[in-house]
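Naming follows writing order (A, B, C and D), and every chain is counted from residue 1.
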Amino acid sequence: MESLIKPAAFYFFSAVAVVTAIMVIVKRNPVTSGINLVLTFCSISAIYVLLNSQFIAVIQVLVYAGAIMVLIIFVIMLLNLRPVESIMDKSTGVRIAAIFVFVTALGVSLAAILTSGGISGRSGGITDEFLAKTGTIQVISRSLFSEYLLPFELTSLLLTVAIIGVVILAKGMKVRKKTGPGSE
Amino acid sequence: MQQVMIPAISDSSAQQIIKILGDTNIFYTLPQIIISIGALVTMMIAAISREERGQVINYITSVFFLFAGLVSSVWLASLPKGDAFSGMVSSDLFSGILNIIYSGSALLIILVAHSYFRNRGRYIQELFPLIQFAVVGMMFMTMANNLIIVFLGLEILSVSLYVLAGIDNMDTRSNEAAVKYFLMGAFSSAFLLYGIALVYGGTGSTGLREIAAYINNKSIWQNIYIPAGIILMLIGFGFKVSMVPFHMWTPDVYQGAPLMITAFMSTAPKAAALSAFAKILISMNLEPGSSIMLTNLIGVLAVVTMTVGNLMALNQNDIKRIMAFSSIAHVGYLLIAVCIMNREALAALIFYFCVYTIMNIGFFSLLSLLARDEDRNLTLEGIQGLGKSRPLLGLFLLIFLFSLSGIPPTAGFAAKFFIFNTAIENKFYLLAILGILNSAISAYYYLRIILYAFIREPESGSIDQWSQIKLNAACFVVIFVTAAAVLEIGIVPGYIIDLGKKAIQFL
Amino acid sequence: MNFSEYAWLIVFSPFIGFLINGLVGRKFSEKTIGLIGSLASTLSFVISVLIFFQYSALSQKAPIQIDLFKWIVAGGINVSIGYQIDSLSLVMVLVVTGVGSLIHFYSIGYMHGEKGFARYFAYLNLFMFSMLNLVLGNNILLMFLGWEGVGLCSYLLIGYYYETDYAPTAGKKAFIVNRIGDFGFLIGIFLIIQNFGTLNFTELSTVVAKGTSVGNDTIFWITLMLFVGATGKSAQIPLYVWLPDAMAGPTPVSALIHAATMVTSGVYMIARLSFLYVLAPETMAIVAFVGGATALFAATIGTQQNDIKKVLAYSTVSQLGFMFMAVGVGAFTAGIFHLVTHAFFKALLFLGSGSIIYALHHEQDMRNMGGLRKKLPVTFFTFLMGTLAIAGTPFFSGFFSKDEILWKVFNYSSLLFWMGALAAMLTSFYMFRLVFMTFFGEMRYHEHGGHHVHESPAVMTVPLIILAVLSVFGGFMGIPHVLDVFHVGNYFEHFLSSSVKDSLPIVFGTKEEWGTMSLSVIIAIIGFTIAYVIYLKKKYVPGDDSTIKGYKKVIYNKYYVDEMYERTVISGTIRISKTVYEYFDKLVIDGIVNGVGKSIRRIGEGIRGTQTGLVRDYMLTMIIGVSIMLVYVLVNKFMMIRL
Amino acid sequence: MELTINHYLVLSAILFSIGTAGVLIRRTGIVILMSIELMLNAVNITLVAFSRYQQQVTGEILVFFVMAVAAAEAAVGLAILVVVYHHKKSVDVDEINSLRR
């Protein structure tokens, strides 16, 4: 019985993730898409719990569902985007063909994955038992501030760049330098 | 099994952190630190002052910090190789030379950008911190020893470039460039990330040395993740360098972005992405023989890239678009060197980076003098008669275009010569022949620019326009220095080649 | 005093002239500009004459090396900017600087009053600089540098009259055709680096002489690729198309670049690398037959041209064919000898035609000339000397050199000999046709608006006279063995032997040599007679076709039929050659060259449609690319599993 | 019934493909942005799965950085789209096509 709970949970959350992901791309109203994407993120977070990485699961909810999606939905509201007439247009046939090709390629590569026998890299020795004893946050944060100090610092740089970028793009929008056919 | 944990956990953690901070060898990242400080300082200045005096102060400050970054890169290049941040990055002559290219090109571009954006009528001071952050990102990409650093460096660079492309938010063409660049860039970085994930899954590590050790023990075919991951990474980098079929954004973004931003995008980031990819391949020991698959694939991509670039350029009318396709073609020649993937080829690659950066920046700086009306006059008809009414500018135009089309005794010829020569020496005959044929085709569209500038009569009114051009000192210095360098390197290319060869020894 | 120490001055003197005229020339008067340009070139000539006398007095004629500085030192290759003086390069330098200086002086008169006088002389000096690098350079890369440089100057000078619409196009055509040739040349260079590891001529010949391990196939490809370069620069089939168009430039330029010097550099290159070429007999055969075919083919076209410069242009292509025929059969000395004499008489002919064009105010159509003999006496006389020389009149310079080529070729292949002989007959025909149509008969030029036809100034006629003297007597430096009654010896061959030796075995004896010699005289007379009958006795003037252009209009206007009717009076050979010109040259060769260019542009136009401006289409392309690449990896993987 | 790594990889690949499809078929810029976020999340699943099954932390740490990157990209991307909306009153990417050919 115990052994069935994990697979059952996995299939349930996977199904939710896939269905809501499809909803994201087929719903005509951007707000609906956004809400569905939040659901996808939450089910992915549950998948992380199944993988025994609770820390990632928590920040998944905090960062994606809590911050990024709020921002996106806020912008949708701000721009007052209406539902589109139809998600299809005349060249959709070609697009679907391309997606088909791509999905096939990916599917074939998955087939290859399934035949090649799983992972092959070296093991790090951080087992689930060890994690249960030490705690995931401790393990991650120790690595983050020792071995991965530089990438951590670079992240701060990246966020600074993003902030400056947003400021530049947003400022001075009200001033129109000139009007005419060129400026639309 | 419990004993194989990473050491950070078994010791007292505080002591461990202190120890690691002690061995960070932080000075190996001195150029990055200096330029980051510069970026923060210029950002502050931009926030405080909007006046004309603030612009000049900001300009001078960023020039100062980039110059300091350049000097420290030179200093680092002269040091023996060493690791920093527990092996996350390493400094050697290879990264040193490329750091010099990045900071040098940013310096030259900022020198010209000041007057260019003044003429354009919209001066955005945040330009300076963004360019400096982009340089920092590129430096980390090249120095990286870990795929995580490569990814983060690339993202810092990309985010800066997305914003730079759209920096003139009043110009719809600039907006359009930013949207296109952003959507496609984010899309392609998802592929890059997937590639990194697969390589990590296949080898169990993101460190280049560990990956190399793994691949040396087994082959890359040990697990399908590894080749698939490398291919997906190739896509991510291929997008950045505008390799066919990931090149489609290039002409639109180059045309839409403000001219000096285009100049920046077309030079250093390409060198950064390609050198990072080449470094990944070479440190994974994927030299010919170990991976016929990659050699064939990149060879085909090289040929397709240069052919498409050259053919598309033939019928263009907008000079920025011509330069976009020309840059695609040049990436094709560069990919020949990546395809050969041995040390000599990488030396030729470094040499080509230097030359390409210099001649492209020179040409764009020259164009910046002519640009009017948000660059809309930069068409073939728009430059009619330039050579006749301003012979000196015409002479510079001639030098840069001859170099771009690879006519001796300019640097462009020497650069192509070394790439094709390496190809023949390593028995890549077909690649060399197609490359040379392509460079013969490319002469046509460069020649068209010359033809319009020299042979067509100036349009009425453009004569005053040409005579009104004022040579501003910084811009003229940049044009003069780059033109002189193009000729000098063309006539005496030996020492840079030697430097490139030495740089490769360190990898 | 050892003059060879000053050899660098030969090269750099024109460069200094270029700098002066190019940078500050616009501020000077015409006279000053002309003198600076001409004296820069003359100085080179004087130094080379001095070196020549010193060098020819040496008993051991080892090549003198002057290394200026290291150019590229990288890995296996070590190339310096350095010059090599030996008999071959000295001969070339004397021709280039000698003829070049005369043409510089002539240009002062011819270009009088033209716009951009300083620009013209600057380009001319830059050309001299590049050409001297080409002939004096001691390694192939420096030669290539000059090779590209002369191409560039040729492009600039052809496009000199940029106001006209055809001149820039012609310049572009020349440039692009030459780039195709250079592509072959570059591959040849790369192959040499790969296989021999050196580009220096002396080192290369030492390596080859020691016996090299490089396979014959490789040498075949090297020499063939270099020859592809030569066909571009020296206007051989199939890359000759640019040369007739190149006549859009000023006439002195045609004389200097497109007749006397630059176009012969392919011949020089083969002679310079003769030690390599003799190892590849297949390439030599290709060179010989391409040369023979070009000689014959261009001569047939030359018979049908009405533009005086076009006749001379096709004649140049044809004569270059003779030179390639010579070097192809292994008679390197004969080829170089013809190169020298050709430089004299062809420069003379071009300058003479320039004098006519100058007098007639830029009239180039021979149908509008005639009877100029009395108006332009000096031009007529000197032009006649040049014609006699090129036609192969005994004891004129062309006779000695052409006869030697035909004799050597006869030892190689009789088919090739007959091709050459026929070409020689046609040469004699079209040259006398030109003379009769221009100088004899009635005057068809209409003087108008107070312009009177009069002889050119002395600055133009004196070079003509000097060249005429050289054309008449220049041949005596290479007297053939059988005619050598005073036993002075073949000075030219003797002098050249220190650097180039013929590889052709002479199988026939004196009797056959007399035979070929008399045959070539007879041939010249036949050509002359036909021309005499048609153009002087019957006073035939070709119909006016100035209203039509190109083959298409010929067909549409049904004019072609009329023309064919008119041509029934003319001998059959001429009709065939006309057809050859109309169909083969214009349709096939021009069609291929232009067609390739056009179709490349059309492909470009086609794929330009992919750039729709829609970012989603761009992403679609990306995805297709990603899919193909992933499938490629999987295919590789599955093939691995199979293995 | 045991959950293997392949389960997670297949889920990840499916979500990645759905994200790709969204990028290609949708015309609204913001929905394209959401699809790209979906693709990044799919990669995150791969990373965490690899990380856990190889008993390491590297993958999880990489996920941490990916989230930062996603946040930065989302911020800049939204800003760019807002600017475009300001000029065009639309975020339909098919209407942004003045630069072409």
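To be clear about the criterion, a contact is a pair of C-beta atoms (placed from the backbone, for glycine too) under 8 Å apart; a residue touches a chain by one contact, two chains touch by 3 or more.
Since the model is a prediction, treat every value here as computed from it, not as a measurement.
Participant: Could you see whether B-C or A-C has the larger number of C-beta contact pairs?
Facilitator: Here the pair linked by more C-beta pairs in contact is B-C.
Participant: Please work out the Cα centroid separation of chain B and chain C, and write it as a whole number of Å.
Facilitator: The answer is 43 Å.
Participant: Roughly how far is chain A from chain C, centre to centre by C-alpha average, rounded to an integer in Å?
Facilitator: Each chain reduced to its C-alpha mean, chain A and chain C end up 69 Å apart.
Participant: CA centre of chain A versus CA centre of chain D: separation in Å?
Facilitator: Between these chains, centre-to-centre, one finds 5 Å.
Participant: If you average the CA atoms of chain B and of chain D, how many Å lie between those two points?
Facilitator: Roughly 26 Å, centre to centre.
Participant: Can you pull out the residues of chain D that are in contact with at least two other chains?
Facilitator: Residue numbers touching two or more other chains: 16, 19-20, 23-24, 27, 33, 50, 54, 56-58, 61, 65, 69, 72-73, 76, 80-81, 83, 87-88, 93-94, 96-100.
Participant: Of all residues in chain C, which are in touch with two or more distinct other chains?
Facilitator: Residues 608, 611, 613, 615-617, 619-620, 623-624, 626, 630, 633-634, 637.
Participant: Going through chain A residue by residue, note those that touch at least 2 other chains and give them in order.
Facilitator: 95, 98-99, 102, 106, 109, 112-113, 119, 121-127, 139, 143, 148, 151, 155, 158, 161-162, 165, 169, 173, 184
Participant: What is the shape of the graph in which nodes denote protein chains and edges denote touching chain pairs (line, ring, star, complete, other)?
Facilitator: If you draw each chain as a dot and join those that touch, every dot ends up joined to every other.
Participant: Inside the complex, what are the residues of chain C that reach chain A?
Facilitator: Touching chain A: residues 616-617, 620, 623-624, 626-627, 630-631, 633-634, 637-638 of chain C.
Participant: Could you list, by residue number, the parts of chain D that touch chain B in their complex?
Facilitator: Interface residues on the chain D side: 16, 19, 23, 29, 32-33, 36, 39-40, 42-43, 46-47, 50, 54, 56-59, 61-62, 65-66, 69, 72-73, 76-77, 80-81, 83-84, 87-88, 93, 96-100.
Participant: Which chain A residues qualify as touching chain B in the complex?
Facilitator: 109, 112-113, 116, 119-127, 130, 134, 139, 142-143, 145-151, 154-155, 157-158, 160-162, 164-165, 167-169, 172-173, 175-177, 182-184
Participant: Would you pull the chain B residues touching chain D in the complex into a rising list?
Facilitator: 6, 148, 151-152, 155, 159, 162-163, 166, 169, 172-173, 175-180, 182-183, 186-187, 189-190, 193-194, 196-198, 200-201, 204-206, 251-252, 255-256
Participant: Along chain A, where are the residues that touch chain D in the complex?
Facilitator: Residues 3-4, 6-7, 10, 14, 17-18, 21-22, 24-25, 30, 33-34, 37, 40-41, 44, 47-48, 50-53, 55-56, 59-60, 63-64, 67-68, 71-72, 75-76, 78-79, 81, 84, 87-89, 92, 95-96, 98-99, 102-103, 106-107, 109-110, 113-114, 118-119, 121-128, 139-140, 143-144, 148, 151, 155, 158-159, 161-163, 165-166, 169-170, 173, 184 of chain A touch chain D in their complex.
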